[in-house]
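For reference, chains read A, B and C in written order, and residue numbers begin at 1 within each chain.
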Amino acid sequence: MATAQQPAAPEMSRGVQPLRAGQGYSFIWRRLHSLSGIVPIGAFLIEHIVSNFEALKGPAAYAEQVRFLNSLPLVRVLEWTFIFIPLIYHGVYGVYIWLRGQSNVVYYPWAGNWMYVAQRYTGLIAFVYIIQHVLRQRFMGVSLPEHPGAAFHKVQVELLNPWMLAVYIIAMLAVCWHFAYGVWLFAAKWGITPGEAARRRFAWVCAAGGVILAVMGLASIWAFVGPGYRNAPDDVAPAISIVAPVTPGFAAAAPLALLVKAES
Amino acid sequence: MPTKTVSFEIRRQASPDAPAVWESFELEWRTGMNVISAMMEIAANPRTRDGRETTPITYDSNCLEEICGSCAMRINGRARMACSALVDNLEQPIRLEPLSKFPLIRDLQVDRSVLFQNLKAVKAWVPIDGTYDLGSGPRMFPQEQEERYPLSNCISCCCCMEVCPQFNENTNFVGAATIAQVKLFNSHPSGEVLKEERLRALAGDGGIQECGYAQNCVEICPKCIPLTNAISDVGRDVVIQKAKDWLRG
Amino acid sequence: MAAPGIIVVGGGLAGLSAVIKIAEAGGTVDLFSIVPVKRSHSVCAQGGINAAKNLKGEGDTTDQHFDDTIYGGDFLANQTPVKAMCEAAPAIIDLLDRMGVPFNRTPEGLLDFRRFGGTLYHRTAFAGATTGQQLLYALDEQVRRYEAEGKVHKYEGWEFLSAVVDSRRVARGIVAMDLRSMALRAFPADAVILATGGIGAIFGKSTNSVVCTGSAQSAVYQQGVYYANGEFIQVHPTSIPGEDKLRLMSESARGEGGRVWVPRKPGDKRQGKQIPESERFYFLEEWYPKYGNLVPRDVATRAIHKVVYELGLGIDGQAMVYLDLTHIDRATLNRKLEGILEIYEKFVGDDPREVPMKIFPGMHYTMGGVWVDNDQMTNIPGLFAAGECEYQYHGANRLGANSLVSCIHGGFVAGLNSLRYAKSAPAVEGDSGAAAEIARQAGINKELIHNEGNENPFRLWRELGTTMTEHATVIRYNKGLKQADEKILELLDRYNRVNLSDKSQWANTSFAFARQLYNMLELSRTVVQGAILRDESRGAHYKPDFPERNDEKYLKTTKASFTGDISGPRFEFEAVDTQFIKPRPRRYDAVK
């Protein structure tokens, strides 16, 4: 074919490449990430917050809960299979997802876009927090699986440090936010809520769930730092007796106060 | 009385490897002026605000009725169609920039062919037997038509891809437009014959899993296509398809 | 023998139809388009596509469709191809339906049909208000399928410059220019199909898309192809004047009670709403008390034209009149006209429920075009044409919703005939003239890029548009047409002094435009001079000095051929094929 002489054309950037139809494994990894946030991680989160809520009943009840959990069969296997490994995967892959995205909320400041950004920041906060939390509470200091009675005191010491208290409160809110919106995202992406109306309604459900979890979590924190159980013993004899709260009824009022605080 | 004017800041780039520069223009205001007519005016009188001679702006355009999908660009930071961007509704100076996620050709012109390649990758067509007379098509109720019609209104402007935080060179995400087309063709009685292939295609690298559900696509779409609904529906179908494939080996 | 290789230029309905037929029959196609084919002008068609499917129990037949089309076209169309088109139409609708076009449906799940201008039958299938878009997409998808199978190679962003014609006057391929690198290249082919649409840009602003310049038609016309019936240009009475283009305003606005008026005082500066009733001139109601605002399209068009150009009463001295709906309450407007009112709001920025709309007739469709025979082949063997760029289906005036069917049918016919031709085409000798054609085109490019004049091509184009719109659209006087021809000559002369402010060789749109402009100028002369020669009124061609149709003298196809001479094209006239329906007067105020 005849052509006329032309100078060399400038090079264009490659740009976003077309879909690799049916190729690769990113679908599995990404969907696994999404699923792992619900089960087991989300399920464990609920369990953890519910367990912590026992702290409101005092050091002994809390110790009993810790003891009970540690008495589950194959507890170390369960711990690694359903908690640590999924958490590491979810966190590391989540950071990878974040790094591959390009936020543009500056130009498009819409609700969904803000939530997209918030999901990444809350996820990172949660991940960093959880690493230190697991290291300091699970693997450093008194070993709680062996000394469940020391649990209340160990947490209390941590939370009496105002910096750590702030970290715990922020992390609690971030985790609940991340989880609640994660559930909503899961339902949207997996086609459980395929319509606008369904997504809107489910958003209320998720928001309510998130608020409940956050309130419970913050109430538990209050149990450690509030006046109820000041100076809890280093170790309570687990499963012997339950120490009654100093002011009955206070524990019930606390969450309300915290809720107001959290929302202001 | 001084004449009312309109000011523009246009990001110019003579070629993909040339440096980007901003040029300012001040044009006489006219009733009903839109961004396209402003650029036509510049072509007829290519001078910057300070009187320096320049070249006409290179940009894509065709129908100017927001139906061909050509003239997408960033106007005051946001992706939209230039033909329906009325000057009176825009804050000045009006900043014009090319779409940022597509290879730049020149000035405001970019290469959006990746969308057409994606449509090929998901087989976005009804595989008819032939064009000879085979009688009437499948019956379809009005409700089904009303479901399909909005999806079929996609003008391939690529705004949904431009505004998607997940559509970039790291993910090579396919984008909302293609996913909506998968839903369109999977919902056609004979198009459905390729449904499984389309779903498997969308599970490939850059597929539907890359969606971060920021929902910018549905906000920006000039044709108001229910893109997030399509992503949800197709997302479910892809999961089910992959599960079936896995279970059946 | 290798599969025939066909070049199709243009990716609208006609081009894509041809591609599909060729690929299906085993040929390979190189498809050229300035824009990605999915962005072709066919997307703009709104109303629908005609076919006598008779699904409404009205007894509609393809013969009736044929008669309406011939009658609507004022008997200027050759009847054999029109008859074939009307007979093919029902199967075309079925095919499109099978391709997945979301046509509107009846409750029983069948195709719905609406009524359109120029017929008494429900004959128009439609997909919402975007039928053209939906049809184009369906064909685009089929072509994409063939592209994936390797049977079609797309050259999007390439502009056709000329046909490669060998020493025996046979088309052997094309020369095209890459609109990025501006590189020229010759592509060989066994046959070439042009499907390059209308010529709206010649009129400056029209309802056509930016690429509808007629440049390709003009290029082959300058290479010896006849250009037929160029003087027949359809003008839509109510379009929305824009700074960049004209957009259609549906006739239903008048149907629902819209009133057309202008201020009685020329150049009245007041806003429409502030002008009292007594100072408004409802000219349609005054001139046509019986039909009022609902006079037929051509009558309305001419009246508006007269008010603006002869009486000088356009709004604020501009070429616009009011189409007023503000006397109708909001609820009614929203219920009946919401869709079209939103279009006005979007592109004009005014709410037509509050402010009278400003409208003006706009150049809409090119009935004339490249001359072809009944096989869609031009007088250069191997060069075919289909769609709006050729002349043969609409005569002197096109019926609404007939354009889509003519494009698809014409494309199919051209596709199949190009293949048949290719199989028995005479053998190629040497390089078939490709090198010479490349050299000629390179010479034109070189001259243009190095020209050191003082004329801006976009300003020349504006002047062309103004002249053509004023003298060669709605109402034509020989004096005005002659002025227009002189103006074009002046512009052709000034074109020699075009100075491109952009002399680069990368995505240089003004360079490509300047090349198109020359072709537009040459083609304009066939329109203007064809109109001068036709001293009658027929269809869209109206001369007040010759208000009647004159079958004795002018029931003829106008054929212009390029001379390169300053006097313009050479004209000859060809008898019209009227073997099926005898011409009768065309009147819409009485039963035909």
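Please note the rule applied: contacts are C-beta pairs under 8 Å (C-beta built on N, C-alpha and C of every residue); 3 or more make two chains touch, one makes a residue touch a chain.
Since we're looking at a predicted model, the values are computed, not measured.
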B-C or A-C - the one linked by more C-beta pairs in contact: B-C
Chain located farthest away, centre of chain B as origin (C-alpha): A
Between chain A and chain B, centroid-to-centroid distance (C-alpha), Å: 37
Chain centre separation in whole Å, for chain C relative to chain A (CA means): 63
For chain B paired with chain C, centre-to-centre distance based on mean C-alpha positions, whole Å: 27
Of all residues in chain A, the ones touching two or more other chains: 10
Residue numbers of chain C (touch at least two other chains): 180, 506
Residues of chain B touching at least two other chains: 15, 105, 120
Complex contact set, residues of chain A against chain B: 10-28, 30-31, 97, 99-104, 107-108, 110-113, 115-116, 185, 188-196, 199
Contacting residues of chain B [partner chain A, same complex]: 15-18, 77-78, 101-105, 111, 114, 117-118, 120-122, 161, 163, 165-174, 178, 200-216, 219-220, 226, 228-229, 231-239, 242
Residue numbers on chain C that touch chain B, as the complex places them: 20-21, 24, 35-36, 38-41, 43-44, 91, 94-95, 97-100, 102-111, 127-128, 130, 133-134, 137-138, 141-142, 144-145, 147-148, 156, 180, 209-211, 241-245, 247, 346-349, 412, 456, 458-459, 462, 501-502, 504, 506-510, 513
Interface residues, chain B side, partner chain C - complex: 14-15, 30-34, 36-37, 40, 43-46, 53-56, 58-70, 83-84, 86, 88-89, 105-107, 109, 112-113, 116, 119-120, 123-128, 130-131, 133-142, 144-145, 148-149, 152-153, 155-156, 184-185, 188, 190-191
Interface residues, chain C side, partner chain A - complex: 180-188, 431, 434-435, 438-439, 441-442, 445, 505-506
